[in-house]
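Paired with subunit B in one complex and with subunit C in the other, subunit A is shared by the two complexes that follow.
The block that comes next holds the complex of A and B.
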C-alpha cells in the first residue's frame, strides 16, 4: 500500500467530486451513499474484529441505536437533526459501554455468540416498543439542511455521507498507527506480552468496542435522515452479519478494505436483486443464496481478504524523526547491591502438583542472579508468579519493600519490572520497531481521543526514538522496519530483550534469552547484560546454557522439582553434590 | 397464575423443550466433533416440515431438487479439494453417494408423492431425503476449512445458513404451512387436556435420547466420533478418518433436524425462515450446557422451553428478547470460569 499512500487524498477528492461530474445517474449516487453509510459500520468492525479480534454479529443494533435516537428526537421532540447527531452518538456510546462491559469480558467463541444473542434481542426490542412505532417503525424524519438549504437531492446527501466517511477514515488511521492501536493489535495476538508491558486489556477492549459502536451510531444517524424513516428490519442479525461480511471481504484490519467490502456487498446485492428473479422466475430474497456461497468460497480461498490479495500486505507506519526528548530512562535506579526483589516462601500449587515449593531468594539492584534447574523445576512458574501472571498459593514477593504477590502484570510493569518470554511472544503483523514500541507503552500518555485527532505525533516520535535506541543496543537496528515474521529465532530473542529494555526497567527478568542464539550473538548478549548491570539494573535470568549463565551470574539459585536445593556463586554451585545429583542423577 | 395455567404452560414448555433438546443435541454433537457451531440446523427442521407438507398434499417436495443440487456440489467440491489423491474407488464412491443415491431417493419420492402418503410414511421418506444433506453440506463448506479457528467456522456456518434460507424460499415459497398430527387423540388429566401429539413428541424425543446414549457408549461409530472430538491429530494417528467423523456428525445432525421438523409440523405453522429462531433456541440450550454435555443440554432445553412458555404468558411481545437474554449471564459465567488468557484457542 506504500506506493498508494499519497493517492488517498486524491482519490477522496475525486470521489467527493463524482456526483457533480454528470457522469453517473441518481440511482448510482444514492447507491454510493448507502455504500458510504455501510462503510462506516464496516470500518468499526475492521477495528473491532480485524484488529482487536472481537467478532461482532450485533453491529447493526448500534446502527439502530443511532437511527432510532434521532428519529424519536426529531419527530417527537422536534429537535434539529444537527443537534441530534451528538445525542445519537452519545446514546449509542453509552449503550455500547453498558453492553460492552458485559460482552468484551467473554472469552473465545463465547464473545461472537454473545453478540448474536443481544443482536437478536435488540431487533425484537425495537419491534416491540410502542414508542418506537413497533414493527412498522417511525416515518416522517426531517431531511438534513445546511444554512436553510434542505439536502433532499441524493447528490447533496452523498457529499455529507462521504465527508463523514473520510473523517472517520482519518480518525481510524490515526488511532491504529498510535500507541493504543499497537496495544489493541498486541492484545489480539499476544495478550500475555501486552499485559506484561502495562496494557490494560479490559479497558482497551471496551474502548475499541465503544469506538466501533460510535461509527455505527453515526451511520445510523445518516441512515435515518437519508431514508427519512426507520423500522427494525435493517437492524437485525442478518444486517449484522452482512456488515461482518463486508469487513471480512476486505480483510482483517484493512481500513480501505472496509469500503471495498461494503461496495462489493451492496452493489452485488443490488445487481442480484434485479438479476436473480429474472433467472429463477420469481421474486424473493435470493441474493442471500449467493452471499452465503460467496462467504463460504471466500473462507475456502482467501482468508486474509481481498484487499491484501490486490494491494499486498500493509506497509509499516512512518514515524517522525528523533526529537530532542530523552530516550534513556529518566527514573532513578537504586544503589547497586541494595535490595530490589525478595521472594519469601513462594509457593504455587496446581491441583495436586506443587510446582513451586517454598522458594526463597533475593535479587539486588546491579546484580545478575541466575535461576537454574532441570526441565520442570518450576523456573518459568516462578517467573510468572513474580510478574503477576499467576497468583501465588502462598508466600510473598517483595519489590523495593512493597508486597506485590497479588498484583497484576500491568502493575509490575508500572513499578519497573520488565520481562522476556520463554516462547517469543511478539505481535506477528507488526514491524520490529513497533513491537519494541509496545514495550514503551507506559512511557507514552496519548489517549484514544488525542490519537484519533492526530495529536500524538510528537509523543510517537519520542517512543520511536526510544525503540530505535534499544534496537541499536541489541544489534537489531538494521531490521527495525522489517516485519517480525522475517526474523530468525535468535533475532526474536534479542527483540524480546529490546522490548523489555524499552520499558526502562529497574529490574529485568529474562526467560532463556540465549536459547537459539549463535556464539557471536551470545557474546553480544553477555556484553549487553554486563552493561545493564553496570547501569544498576537488577537482572534475574533463567537459562539452560550453563557456560553462559555461570560466566555472567553473580549469584545462582538452583531449583529442582519446585524446591530450592542450592544457592551460591558459580564455583560453589559446580561443586555442590545436590546440584550434581539433580542434573546427572544420583550415584548408587 | 393458577395451577391449570401453570400445568398448561408446563406442558407447552415440555413440548417445545423436547424439540429444542433435539436441536441442542445436534449442535453439541457437531460442535464437539467438528468445532462448527451449526447455525443452519434450523433449516433442516423447516425443510423437513415443508417436505412433509408437500408429500401429504401429493406434491413432489422442492427438497428433491435441493438434494440433487447439493449432491452435485459436494461431488465437485470433493474432487477439487482432493484432486491430487483421486482414485477410481474414490470416484466410484462419489458417484454412488452424491449422484446415484440422491437420484434414487428422488425417484422414490416422485413415485410415492402422488399417492398422498399418511403422516408416518411421509415422515420416514422425509427423514431419508433430509439426512444425506448433512454430510454433503459438511463436505462443501466445512471440510476444506476444517483446521480453521472456531470463528472462521462460525462465519462459514452463517454463510451456509444464508444460502439455505434463500434456497428454502426458492423451493418452498413464502407461504407457511403445518402438517396433520401424527396422533389426533387427546385425553383429560384433571383440568388439563393432553394431546396425543404432545405425547408423541415427548416419546420420540425420549427414544432418540436413549438411542443416542447407547450409540455413544457402545458402538464403534460412537467411539470414532468421540475420538475425533477429543483429539483430531490423535484420532488420525490411530487410523480414524477425521473427515468421516465430521460427515457422520453432520448426518446425525440433519437426521435429528428432520425428526424435529416432523414433530413440530402439527404444532405450529412453519415458514421457510422459521428454522433460525427454533435453531437459536436450541442453541441457547446448548450454550447453557457449555456446548459439551448431552444430558445438561437436554435439561437446559427443557428449561428454555418452559421459560419461553412463561415469558409468552407474562410478556408475550418480549418473549424472544427475554429468551435470548438468558444466554448472556451464562456466557459470562462460562467465560469467567474458563479464566483469563484461555480465550485464544
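The block that comes next holds the complex of A and C.
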C-alpha cells in the first residue's frame, strides 16, 4: 500500500456515501451489499488461508451457523436481531472451536479435505433438521431496525454492511500487524523457528480458525436479515469454494484483496448471467464456463494475487517509539562459570541408526563451548535434542538443574534457551525488524483480543525497540525495515542471531553462525560473542570453521559417529590423534 | 601431451553476491583417480555441483576436449559426466532395481538392460536386494546403489561427493576398493572427500581445497607428507578471530 495508506479512510467514507449520491441504482446497491457480506467471509479466509496457510473450503458452513442462529432466535423465540448478533457470533465461535479442535491438527492435504468433509455435512445437516425448516429453510426473518426505523431499503442496509466491514478490516489489520499476527505468519513459513521462540502453534492455529469463523458468523447474521429468509443452499460446499476463490484472487494475506476478490467474483458472475445469453443468443449455462475460464486466467497471470499485482507488495507496519521502556531486560543471569546446561548420557536412535550415542558434556554460564566433528557426527541432532525439537531415546538434559529432556521447544524458550538455525529459518514476507520481533514473542503479553482492539500499541513499540537494539548490536540497523528477501547470506545469519538475542537468552545455541560470512563479518560476530560471554550468557556453538571456533571457544567437544571422542581446549584438540583420525580418516 | 579428460580453468562459483569457490583449476587424466580433499565448508561440493551443472559458474570447463561450460545439466550427463551426490539422494520409496533403471533413463531399453547386467555383476549385493526398497538398505549398500545408479548412464567420468560420509571405517574401505576396480574397468574418477587418508590411498593425484581455493596439489605421497594438510582441517591455531 505505502503511499495509499492515508487514502484508506477517504475511500471508506466515499464508499459509505455512495448510495446517497444518486449515482447508482438500487440493483447495484444490493449487489454491493452482497459484496460487503462476502468480503467479510473472504477477510477471514485471508487470515486463515493466506496468512496462516490453512486452506478451508468449509467457510460457508460458518455463515450458515450465524444465519440459522439468528433466524431461529428471531422467528421462533422472538428476540431482537441486535440481541441475536452476539449470540450468533458466540454460537459460530463455539462451533468453530469444536470443529477446529479436531481439524486444525490435520496437516498437508488432509486439512483442506477435512474442511470439505464438514462443509458438505453441515449443508445436509441444515437441510435435514425439521426445526430449521428442512431444505425449504426459514422465512419471515425480521428486518433490522435502528431507533424504531426499519432498515428495509437496500440503501439503509448497505450502510450497515459496510460499517461492519470497515470495523472488521480495522480489527484484522490490527491483529495481523501485532504479536499474534507475526506468530501466525511465522507458523506458516517456519514453524520450527516460531516454536523455538515460544509460539504455541496449536493454540494459535485454533485461535485463527475461530477468528475467521467469527467473521463468517457475522456475515451470516447480516445475510439472514438482508434476505429475510435462509435455506441450506448458500451454505454448501459450492459457496465455500467461492469464498476461498475470492480470498485467493485478491492475494494471499492481503486484506483489501478480500474485497477486491469478492467484488470480482460477484460482479463477474452477475454480469455474465445477463450478458452472455444476449451475446450467445441462447440460454445455456455459458456463464459458468466463461466464469471458470476467466478465473483460471486470473489465477495464472497474477500468482501473488491481483492486489499485489496492482498495488505492489505490502509495506512494513510502522511502530511508535518507546522512550521509557528498557530494551535490555533485568534478567538475573547465573554467575559466570556456574553450571547451566548439563548433557548426560544423551542418546538418540533413528530406526537402526544411533545418531547420538551416550554423549556427556556441560556448558557453563559465561563460557563459549564449541561442539565440533566431521559431517554427520550428530551435532545438529544433539542441538535438536537440547532444544526440545527431538525427544531423546535415553539420557537427560539438565538446564539450571531442571531436567528438560522431554520438554517442548516453547518451554526451552521460556527458560531462556535461544537458538539460531543452520539454514536461516526466517519469515520471508516480513521485514527484518519484524523477524527479530518474533524472537521477542515471549517478552510481550498482548492477546488476540487486545490486538484486534488496537490496545497493544505501547507493547508493540517496546518490542520494536528491543528488536532495534539487537539489530544495532549485530550491525543490521541499516536494513531494519527492509524485506528479508533483500538480505545477503551473511546478513541472514546475523539476523538469526539478532532474533535469538531478542529473547534475552540465558543460553544461546548457535548452529554454524559463521557459515557464509566474510572475514570482516566473522570478526564482527566474534566480537559480539565475546561481549555476550562477558555479560554471562552461556554459548554453545556448532561450527565448521575451525579457525573461528578454535579462536573463540573456551572448551571444545568433539563428536564422531554420534559419540564424544575428545574434549579440551583448542590446543589439546588440535594435537589429539583421535580427532585427527576422525577428520582425516584412519591410518591403517 | 595428451589432452586430459576433464580440464577446468579458473572456475568461480557464487551464491548470490557471495563467492565461495575462487579461481579453481584442476584436471583429470583419462583413466585416473583424482581426489579433492579438504575440511567441511571448503567448497568441494559446490565445485562438484558446478561441474555437473547444478550451480552456475564462471570459467572454462573442457570435457573430452569440448567446452561444456554453457551446457545444461542433462547435456553434461549425456556427454558422459556422472555424479554420485553427497548423502546419496536415492529414491527411498522405490526398489533397488527401479533406482538403477532410472539411472539409465536416457538409454534405450536394450542398452539399459545390458548395462544393468554389468552393474549388477559389479555389485552382487544389489542383485540380492533387487526388490527391496532403497530406503531400507544399510549405509554401505546405499552408497553402492548410488554408485550403481550413476554407472547406469555409462559415464566417462564418475564424480563422487563424499562417498565415505557416515560409513564405518570397514565399509569405507569396501567402497574405496570398488572405486579401484572401477578405474581398472576404464572409468575415470573425480573423488571429493573429507576422509583424506582413505582418498589419498587410492588416488593418482590429489588437490587440497581450503576456503574455496586449491592450496596444494601433488601426488598422494607429497600431500600426505605436508603438515599443512592437518592444519587445513583443524585450523592454524593463530586466533584469527
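One rule holds for everything that comes next: the second predicted complex is superposed on the first by the 574 of 588 C-alpha atoms of A that agree within 3 Å, B and C clash if a C-alpha of one lies under 4 Å from a C-alpha of the other, contacts with A are read in each partner's own complex, and residues count from 1 in each chain.
Note that a contact is a pair of C-beta atoms (placed from the backbone, for glycine too) under 8 Å apart; a residue touches a chain by one contact, two chains touch by 3 or more.
These numbers come from a predicted model, not from an experiment.
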Partner chain(s) touched by A:20 [first = subunit B, second = subunit C, both, neither]: neither
Partner chain in contact with A:585 - subunit B first, subunit C second, else both or neither: second
Partner chain in contact with A:376 - subunit B first, subunit C second, else both or neither: second
Larger contact residue set on subunit A - subunit B or subunit C: B
Which of subunit B and subunit C A:125 touches, first, second, both or neither: first
Touched partner set for A:523, first subunit B, second subunit C, both or neither: second
Contacts of A:350 with subunit B and subunit C, given as first, second, both or neither: neither
Which superposed partner A:82 touches (first subunit B, second subunit C, both, neither): neither
Touching partner for A:552 - first (subunit B), second (subunit C), both, neither: second
Shared contact residues on subunit A - subunit B and subunit C: none
Subunit C-facing residues of subunit A, complex: 374-376, 488-490, 515-516, 518, 522-523, 526, 544-552, 561, 570-571, 573-574, 579-580, 583-588
Contacting residues of subunit A [partner subunit B, same complex]: 55, 57, 102, 105-114, 116-118, 120-121, 124-125, 128, 191-192, 238, 241, 244, 248, 280, 282, 284-296, 299-300, 303
Residues of subunit B that touch subunit A when the two form their complex: 37, 140-141, 144-145, 148, 150-152, 154-156, 158-167, 169-170, 174, 280, 284, 287, 317-318, 320-321, 324-325, 327-328, 331-332, 334-336, 338, 340-345
Subunit A-touching residues of subunit C, taken from the complex the two chains share: 15-18, 20, 39-41, 162, 164-166, 168-169, 172-173, 194-199, 229-230, 233-241
